[in-house]
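Okay, got some structures for you below.
One chain, chain A, appears in both complexes that follow, with chain B as partner in the first and chain C in the second.
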Partner chain A sequence: MSFRYVGKPIPRVDAREKATGAARYMTDLAFPGMLWAKVKRSDYPHALIKGIDVSKARTWPGVVAVLTWPDVPGYNGFGIVVPDQPVLCRDRVRFLGDAIALVAAQTEEAATKAAELITVEYEPLPVLEDPRAALKPGAVQIHAGGNTHQHNLVTQGDVEKGFGEADLIIENYYVTPRQMHAFLETEGGVATADPDGGITVYAGSQHSYRDQLQIARALDLNPRLIRVVSNPTGGGFGGKDEIVVQIHLALLAHHTRRPVKLWLSREESVRAGIKRHREFLYYRTGVKKDGILVANEVKIFADTGAYATLGGPVVSLSVGHACGPYRIPHVRLESFCVYTNNGISGAFRGFGVNQVTFAMETQMDILAHQLGMDPLELRLKNALRQGDLNPLGFRMDTSVGAIPSLTAVGGSELWKNRWAKKAEATLPWKRRGVGIATALQGNGLGAGRPDYGGALLRLLPGGTYEVGISCPEIGQGNTTAYAQMAAETLECSIERIRVYTGDTRKAVDSGSTSASRSVYTGGNSILAGAPTLKERLRKAAAGLLGLPEDDLEFFPEGLRGKSTSRSATLEEVAREMDRLGLSREVKSTFLWPAAEREIEGAPGLPEIIYAYNTQIALVEVDTLTGQTRVLEVVSVPETGRVINPQGLEGQADGGAVMGMGYALMEDIIMEGGYYKNTNFSTYILPTALDAPGHVTVMVEESEATGPFGAKGVGEVVCVPVTPAITNAIYDAVGVRVTKIPVTAEEAYRALADNSLLPHGGTTPHV
Partner chain B sequence: MQIKVTFYGPLKRYAQEDGLAVELPAGVKVSDLLDHFGVEDRIYIVILVNNGRVDEEEALKEGDEVKILSPIGGGGS
Partner chain C sequence: MNLVEVEFTLNGERQKVIVPPRTTLLEVIREHLGLTGTKKGCGKGECGACTVLLDGEAVLACLTLISQAEGHAVTTIEGLAKGEQLDPLQEAFIEEGAIQCGYCTPGMILSAKALLRKNPSPTQEEIKTAIAGNLCRCTGYVKIIKAVQKAGRRSAEVAAHD
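What follows is the complex of A and B.
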């Protein structure tokens, strides 16, 4: 079937205004009489609060309001799953990002000074910085319910029986870092007080309707009185799924009845915001000598920091994806999501899958080497096919793209020519290697609750359609994909589509931009609503043109007779609809397909739909300095039908570099609950100079439930590249990486004393 | 009139059964349904009527299917 817009590299609808700087982000906004806000945060990673003195701050010139915990009119807590994080701390702080007081002043300088004048008397408590230590008997309890936020245990088959059948068993420990989202726009925005007693909050986020509820809970206001606008958002990657500034903004606007702006510096963003979970992983994997996997035992300790946010669901996904896209009959998968006094970890692109993919794909590489098998062949031999039972015991009924993705990567120039590429090292002390890894990534919110969506479709009098879907545009291009799918479905010119996202007043609640769900949700919501609206247009046009409805067809600017030259523009049809009393607006609903029941021991699992990706990397390691350069990456995402190939390439390019930073550079280092690197001077990110040559090969396995066959692409593109790189390092210099990031210093040490021994770390972490 | 109600996740404490049939007088709103079950947290919940998101003021009608759940999220992009 050919399409006019779907599958075409349509330019982004927001390209011009973003490229020229004309786009106004929420932190760009200013209103007359606007105040500036600052947050007084904790001075200790863990302490009791014995007293808070704001008297000096209140009298500082220009200060309009200083708020502490008694000023929170509603529930003094927030958190997507468990509201365990205080809006303003009363008697205890649990990490350095905890907020104690808010200041609003005439100028940013006055607000900053006043916040400095707030004095807090503390009684320090022991600091827990390692999740394994936090589980030991006698450890200080960070929350009343203990330090285990969530424990998962999934078993299938008989894991010891499986190991008994294995010809080769390998056992290794892995450690992954606390990665920063590093969005361009740090958390911030403006809140205004509305004449009706309500509040409007303009702040970038990934689910404006859920923010609305969290704000309402803290302010004890009817959610109807709160409008949240979060589009455009200057990058999210999961880090703006949770509330950071929104309640503080709303609280200050509520008390002062004036516009208030709060915008975190990069340092404060690092201190108060969300990170990727640091995980400690134990893997024991058994395989037959022909390469068939028979058993996998996994134990994960995840550092979720001081508060829950989405830690539980993240670590559930670690468990759900711990075995990769492979058939393994006997598994035991256990995880502990643990509170510590470190910075909070929560949602981050990949959502718990990156950590386990690094570990599992390293296991696969080790097995291939020990078995003397080609690493691609080993993966192909075990890869899931449609209809297989996966390691969780759930049947894979939807499209499964593992083998098509692996097969396509095997046909790539880099893979076919890898021996020649390895021989092209530029200097005698530089060694080259090629590594491979593959992954799957669940799409949608999984089992146990409806994952809902919806779209507002409206024909305006001028003949333009409005499409309102709340999933915010966070830079990934869903606005353009929505416009393409709406134009395709409504059979009109794409210039006649106006898309609204991330605004509780302009779009119906279609959930979050997360879980690789926004294109699938929005597209299906458009498809659900368009037929009703088109039926009304057809009825109006039939009367207008004096033709039977079944003799009409849509054309880019309106409707026309199939067998006559008579036509009506969309403007004319809209007028006729008004005359006939036909509504020009439709609100559609959509529910994701879901498993009938959750997997025992793992809330939220399984997902029904998965995206796949195989990535290979060519690296060059300088054996004198330990520096690794990633020269080439090939990505083969299988994400269903591609709605916009240019958009997919953009996602794949960015994902490859993000996964590369995770492998080689990025880690928020914490010692004793204190951050050691809070800006890009010390938190090293890949730059354009580090980016490898990148080729994206698209494999399209149409997903029957997806809009036009599409699945989600946003996350899986950044996942397997990390172990592809670390496996390439092994291929280059024979050093097995079990702890990332493998910085130049780490690699140099390993090369110098061979401390990173082949086949795994030497110190048990569990 | 009869409507069907399903609670999800921790909210199942209000009713375990999926699609529980409830008899209510004609003209009631979602808020009346929440009263019927004694739902305490009225702010931080998501209510779907026939799979569309509504608030407490939404009027219910015969045959409506109501789902009541906690908001959640996931993933990063």
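What follows is the complex of A and C.
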């Protein structure tokens, strides 16, 4: 089937306004009489609050309002799954980002000064910084329910019997870092008090309607009185899925009835914002000598920080993806999602899959070496096929792209020429290597969760369509994909489509921009609503043109007779619909397919639909310094039919570099509950000079349930590249990386410990 | 309060502001003059989002005190297009898909503009060096580098044609 827009590299519909500086982000907004807000946050990672004194702040010149916990009219808490994080703390703080008071003042300077004048009396409590220590008997309890937020245990087959059948068993321990999203626009925005008593909150976000709900709950207001606008958002990656500033903004506007701006500094964003879960992973994997996997035992300890947010679902996905895209008959998969007094961990692109993929794909690489088998062949031998039972005992009924992706990577220039590429090292002390890894990534929210979408489709009198789907545009390009799919479905010119996302007034609730779900959800919502609207257009046009309805066809600017030259423009059809009393608006709903029941021992599992990706990396390790440079990466995402190849490449390019940062440099380091690196001088992000050459090879296995066959791409593109790089480091220098990030210092130490330094190898004093 | 009076041109128009001396060029552009195309990502010269041109050179507006702009010409992203006619860099960024969330885009384009002004046909390494101070979390830089190369070629063609 050929399409006019779907599958074409249509330039982004929002590119021009972003290229000219015309796009107004929520932190760019200003209103007359606007106040500036600051948050007084905790001074301790864990303490009881004995007293809060805001008297000096209240009288500071320019201060309009100082709010503390009694000023929260409704429920003093938020959190996507369990609302256990206080809006404003009353008697206890559990991490340094906890908010205690809010100040609004005439100027930012006055608000800052006043916030500094707030004094809090504390009684410090012991600080828990390691999830394993937090589980020990006698450990201080961070929440009333204990320190275990969620425990998962999934068993299939008989894992000990499986190990009994194995010819080779390897056992390793892995550690992954607390990666930060590092969106360029920090959390912030403006709230205004509306004349009807309501509040409008303009703040970057990944789920406008859930923000509306959480704000309404805290303010004790009807959600209909809360409007949330979050488009465009300057990057999200999962870090704007949860509330950070929105309730504080609304609360201040509610109390002052004036516009209020709150915009976190980079340091405050690090302190209060969400991170990726640091995980400690124990893996024991058994294989037959022909390379067939027979058993996998995994135990995960995840540091979820002080509050729940999406920690439970994230760690469920760690369990669900712990075995990679492979058939393994005997498994025991256990996880502990544990509260600590560290920064909060929650949603982050990959959502628990990055950690286990690093571990599992390293296991696979070790097995391949020990078996003397080609690492690609080992993966192909075990890869899931459609109809297989996966290791959790769930049948993979939807499209499975593991083998197509692996096969395509095997045909890439880099893989075929890897021996020659390795020999091209520029200097005698530099060593090159090539590594491979593969992954799958569940799409959607999983079993037992409300996973729905909807689209508002409206033909305007001027002959353009409004398409309102609430999943916010956080940069991934869903707006453009929606325009393409709407133009394709409504059979009109794409210039006639206006897409609205991230606005509770202009778009139907379609859930979050997360879980690789926005294109799939929005596309299916368009497909669900368009036929009804088109029927009405057809009816109006038939009367207008004096032709039977089945003799009409759509053309880019309207409808026309199939066998006559008579035509009506969309403007004319809209007018006729009004005359006939036919509504020009349709609101559709769409429900995700979901498993009938959850997998025992793992809430939310399984997802039904999965995207796949294989990545290979060519690295060069400087054995004098330990520095690794990633020279080339090839990505082969299998994400169903591609709606926009340019968009897919962009996602894959960016995902590869984000996964590279995870492998080599990124970690928010905490000691005793305090952040050690709170800015971009100390939290090192990949720059243009670090970025490898990157090639995307598309493999399209059409997904029957997807809009035009599409699945979600946003997350899987950043996942396997991390172990592809660390496996390449092993290939280059023979050092096995089990803890990331493998910085130059870490690599140098490992080279020294293994006597692999070019000058014979003594560890220097550091 | 101690105030300074500073005159400079912004996107070709004369501006005069009277502000406390510690005010940065970024604050003046965004807060006082309301041009929000110039972004703030860190406020400390670590991310490049606030890059503007000062007499054609890329500078970080968050680290530039307003007095340093006295008598100089400041160009922000809003001043790059000539009416509806976009700068070749803006066109190339749109065509190549070099924009995702777009928050780094203005600073990225202006760093590239400063490069192309001096070096219309930069190598890939020269482009990477020129934009090394501009962080982007979405694109992996791949399409940005391609866009700068394309804009360079196009500018050279236009120049040859003139």
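The working rule: the second predicted complex is superposed on the first by the 753 of 766 C-alpha atoms of A that agree within 3 Å, B and C clash if a C-alpha of one lies under 4 Å from a C-alpha of the other, contacts with A are read in each partner's own complex, and residues count from 1 in each chain.
Operating definition for what follows: a contact is a pair of C-beta atoms (placed from the backbone, for glycine too) under 8 Å apart; a residue touches a chain by one contact, two chains touch by 3 or more.
As the structure is a computational prediction, the values presented were derived from the model and not from experiment.
Look at A:A30: by the touch rule set out above, it reaches chain C but stays clear of chain B. Contact with chain B, but none with chain C, is seen for A:V508 once the two complexes are overlaid on the shared chain. Applying the stated contact rule after C-alpha superposition, one finds that A:A656 touches chain C and leaves chain B untouched. Contacts of A:I474 after superposition: both chain B and chain C are touched.
Of the two partner chains placed by the overlay, only chain B lies in contact with A:P223; chain C stays clear of it. Of the two partner chains, both chain B and chain C are touched by A:F237. Once the two complexes are laid over each other on the shared chain, residue contacts for A:R579 go to neither chain B nor chain C.
Once the two complexes are laid over each other on the shared chain, residue contacts for A:K676 go to neither chain B nor chain C.
For the contact definition in use here, the residues of chain A common to its chain B contact set and its chain C contact set are 181, 236-237, 474, 476.
On chain B, the positions that touch chain A within their shared complex are 8-9, 41, 43-46, 48, 50-53, 55, 57, 67, 69-77.
Interface residues of chain A facing chain C in the complex, by the touch rule stated above, are 9, 11-12, 14-16, 18-25, 27-28, 30, 181-186, 232-237, 265-266, 474-477, 646-647, 649-650, 653-658, 679-681, 685, 687-689, 691, 693-694.
Of all residues in chain C, only 30-31, 34-44, 46-47, 49, 76-78, 80-81, 86, 90, 93-95, 97, 99-106, 109, 127-129, 131-145 touch chain A in the complex they form. Chain A makes touch with chain B in their complex at residues 74, 80-81, 83, 181, 206-207, 209-210, 213-214, 216-217, 220, 223-224, 236-239, 241, 310, 313-314, 317, 347-351, 445-446, 448-450, 452, 454, 474, 476, 508-509, 511-517, 587, 589-591, 604, 651, 714-715.
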